[in-house]
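In what follows, subunit A forms one complex with subunit B and a second complex with subunit C.
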Partner chain A sequence: MTEVSIERLTKTFGTARAVDGISIRIADGEFISLLGPSGCGKTTTLKMIAGFEEASEGAIRFDGKDVVNVPAEKRDIGMVFQNYALFPHMTVDQNLAFGLEMRKIAKPEMRSRIAKVLDMVQLGGYSERFPNQLSGGQQQRVALARALVIEPKILLLDEPLANLDAKLREEMRVFIRDLQRRVGITTVYVTHDQAEAMTMSDRVVVMFGGRIAQIGAPSDIYERPENLEIAQFVGQVNLIKGTIIGAAEAGKRRVASVFGEVAVDSREDYAPGTAVTLSLRPEAIELRPEGQGGAAGKVTARYYSGSIIDYRVALDSGETLHVQTFPNIRIAEGDRVSVHAPADGFWLLGAAK
Partner chain B sequence: MRAARRKGLGPLVLIAPAAVLLGIFLILPYLNIVVMSFRMPGQGTPYGPGFTTGNYTKFFADSFYLHQVANTLWIGLLTTAICLVVGFPVAWQLARGTMRFRALAYGLVLSPLLVGIVIRSYGWTILLGNAGLINRTLTGMGLIDRPLPLMYNALGIVIALVHVFLPFMILPIMAGIQGVDPSLESAARSLGASRFTAFRRIVLPLCTPGIQAGCILVFVLSLSAYVTPSLIGGLRVKTMAVTVVDALIDTFQWPWGSALALMLSVTGALCVVIFARLTRMKWKVARP
Partner chain C sequence: MKRPVLTLYCLLVYAFLLAPILVVVGASFNAGNFLTFPPQGLSLRWYVTFFHNDVFMRAIRTSLWVAAVATVISGTIGTMAALYYVQHAGRWKETVRVAMLAPLLLPEVLTAIALLFFVYAIGIGTTTMIGMVAGHVLITLPFVFINVSASLESFDPSWDMAARSLGADRLTRFRRIMLPLIKPGVIGGALFAFIISFDTFTISFMLKGIGTSTLPIQLFDYLRTNFTPEAAAVSTVSIVLTLVVVIVSEKVLGLRIHRF
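Up next, the complex of A and B:
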């Protein structure tokens, strides 16, 4: 059971700072995701935790012990790679036994541990198969089993679902999350897929350009993003211009906008009269037939995708909104609509630029 | 119907040119050699009338020739072993090194192939001879009193052959290593294997086909090399290939030369088979 503490960790390649002084404390048993676009330093961070990449500066502590100078093979980590990295010349059983052999585990214990883990990943009958006789999802589970069978201090996953098709990816998210809960292992998960990070993690670390943009629970990141970049990275967002009127109840500001006066959640204080940008998530918006109050507008496009309908709505005030609703309302392209947004659908992103 | 016929003929048409070439220029001459090796020696002609096994009894009766076969095999083995030891690290760097290094190293590896084999072998005689560059430099520096025997012996032949055949070792091994996903090493190390263990247990078995190909190529090429051994070995050290050419062209004994050539082929092939069996992969990549 391990607590991981990363302190001012930096990695420079020449003059480029791939990872720029990041600090994260990961609690024992916590599932943390490093989320960001490619090149944001998330994979480099993971490699430094694993020991495949040397840290230029800073410390990585496992339970208080700095491991920066400990080689990868002595760090006691379990790692799952994007391409699974199963040994193609070994059977599933041999793949799983490899880490146990390195630890000089006695044969009988080895057998029982392999059987237990294979059972856990639901691959009981597959121990004599070679990796290329397995499907992508099965290979993925073998990779997980191989990382877990050595009972490592920390589990590291590097975009493990990137090579799977959409349906399997969703299944595996739940599978990995449940498995991690059951084993209770401290886990660091690298992904560029915000939905993956949200569904699986206790906390998400959003990274841009080698730095941490925000750390928080998935709901925090999604509902209270620190800035526009984060808001846009973790989902679709409508930007609404507003003007501060004054303070409202606890932590809220009264803001005037095209939707009238609303009390909006905010992290910071702004003087009355300040022009601000509000974010409004597409799924928070409600469309009603014309003449029912709210902001008036016209549907310019409608995209039906089964579980939801996407609308583009041009407000009479000139703004264009992206709206997502359940398909139970029947509003057609070209219809005039009343657009309603509840106060808690807004978030005050910051002063307008 | 037509589609099916085309499908059946397609592969045949594709391999036909190669098959014809091989048939005319390899299989037929080989058969001719086999027949020739059983003919009677001629009197002033390349071969005489009638057939005999005498060429082979002569070969096995005279320890001189058996010794020469052993010598040739030994030179081949040594050349292959040195090429492997010298070539593997280069192949590794070529496969895994940085791009800038790779371009330069590629050029260096391929450069011996750009110069004709005769010229290269002459170059070695200039370097290795008693009055050659190496010996002159060493005597000049006072390190040795007498020239080192570098030419007209097996050592000289091996040195020159290594130089000539090194690319044939490096390129297949490089391809083999390139076929091994670098993340497999990372995976092995994350499981607790040292760099060396990761190499031995994971990388080495997976690039065995490349190593096999390189070794077989260099070994076979070394056995059949003629120009380099004849220039550097001179009259003192002869490999089988040199003796075969002597018999066929200089002394005009076609049946005897054919028998010698066949014995060289057979022993070489035997060695390759034994090598392949010994280094046979213990795993098979099963297809789903």
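Up next, the complex of A and C:
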């Protein structure tokens, strides 16, 4: 199995720096997602790891060995493409056999490996089908099987779920994640869908403008974003104005805001009196009927969507909040409410601008 | 038959296209001595005459030989040109396309005269078949080029990348992935090339060696002095030969490619 190390990797197109000196260490068997909006350099990075795109500067090491000058066909990677890229003139079996033939694997072993991997992706009886006789989800699983059957050093996936419908996409997330765990293969996954990156990855690499904005576990990225841009990219966020009062227990600051005085998690230290911006996730907020303390406000809109209800609440202090709750509370549009937010729902984003 | 006017229109178009062929085929079974339609009695005598006519037999062999050689050369060069055009031409793409299609735009007689001067200027002359074959390659090249580049445009580059990631070198990728997937275009182009070469008059007329003759030229020669139904028999055989080439290629080479 393989450890991948990317060092100051850069790709320039003319004067544009598509990827600008990024460094990532990927542990053996780790599932890493490159997450970012289109044009952030995530796909270019993946293509450089695969060898389809030449690196302008920097190194890519597989187990310590620099592969920058190794052509794609010799890098021993398994790749899954957004449009699956199954060979349309070959059956499922022939598609899977292709990589094994290139490796000169003997027939009997080839048979057993194909059977095993088809079993793994639950396509046992489909080996004689042509790609156009399969559904999108099945084609996707064949593409996965074709990449895995060669037992590559690393698995690269380029937005593999983008062409599937929402329900199938959710199923495939879990499917790919479980499969990757079972095989234990080092995996790099490119996506612009934050929920996909969160569910599947051990660590998420958030990229903006060719640079790494933050690397961390999904909970780190979501709960402790480095800046506003990241916070907004990985989910919805309420911004609350606050003032530093002083230090609290380890890593926390006491901050005064419309919700009173709370001890808020923070990465950095700020002098008392500094104006700061707090983030507050919509699902951390609790609404109660009027007169139960907290911040006072009025519900201006209510959107019911089954598993949750979205509220818009105008606080008397002027801020508008976005709130998500379980649909078991009976608060209607126009009701006056008490808004409560627990201390651990806040995160200190930084000094107010 | 929901749209009678449209149906009638289509029938008329078909009649316009096919009637001359039917007349020729009909006239070839004429028992009389003159090329007339409708035929005066039915007979295969003119086919017998044709098949015993050495001059025509030699001409048909020459035509088939030239068409086969020209098709192979044109198919190879045209496919390579299309590959360059689609994958590597970059900002020269439009220039390459115009250059490749130029033989279609020039009047064939000009191409033929230019080639005639050329083969004499470089000392090849018309004593060998080289000049004529080169001419046939030139006028059939655009058809191969158009067909192959059309099928290359629908070739998804990620197929090539997938094959690379699976460990296939350039040659293997061409042989096992690209060629099978662009085969319909290559075969289509080659068929066009064969038929056009088999059928062309002007180029062959200018560039043929003394004493050699292709079927269209021989037919023209024949009609200058004779007006028997043998000419119709020759035409019918050439129509049938063309059809046979199309159908056989389709069956032998083409059938498997239509599965996707």
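As a working rule, the second predicted complex is superposed on the first by the 353 of 353 C-alpha atoms of A that agree within 3 Å, B and C clash if a C-alpha of one lies under 4 Å from a C-alpha of the other, contacts with A are read in each partner's own complex, and residues count from 1 in each chain.
Convention: contacts are C-beta pairs under 8 Å (C-beta built on N, C-alpha and C of every residue); 3 or more make two chains touch, one makes a residue touch a chain.
Computed from a predicted model, the values in this text were never measured in an experiment.
With subunit A as the common reference, subunit B cannot sit beside subunit C without a clash. In the overlay built on the shared chain, the residue A:N132 is in contact with subunit B and with subunit C.
Using the contact criterion defined above for the overlaid structures, shared-chain residue A:R224 touches neither subunit B nor subunit C, since it reaches no partner.
In the superposition on chain A, contact is made by A:A50 with both subunit B and subunit C.
Using the contact criterion defined above for the overlaid structures, shared-chain residue A:A72 touches subunit B and also reaches subunit C. The interface of subunit A with subunit B overlaps its interface with subunit C at residues 50-52, 71-74, 76-79, 81-83, 85-89, 98-99, 102-103, 130, 132, 146-147, 150, 156.
Across the complex, subunit A meets subunit B through its residues 50-52, 71-74, 76-79, 81-83, 85-90, 98-99, 102-103, 130, 132-134, 146-147, 150, 156.
Within the complex formed with subunit A, the subunit B residues making contact are 181, 183-184, 186-194, 197, 201-202, 205-206, 281, 283, 285-288. Looking at the complex, you find that subunit A touches subunit C at residues 50-52, 71-79, 81-83, 85-89, 98-99, 102-103, 130-132, 146-147, 150, 156.
Listed in rising order, the residues of subunit C touching subunit A in the complex are 156, 158-159, 161-169, 172, 176-177, 180-181, 257, 259-260.
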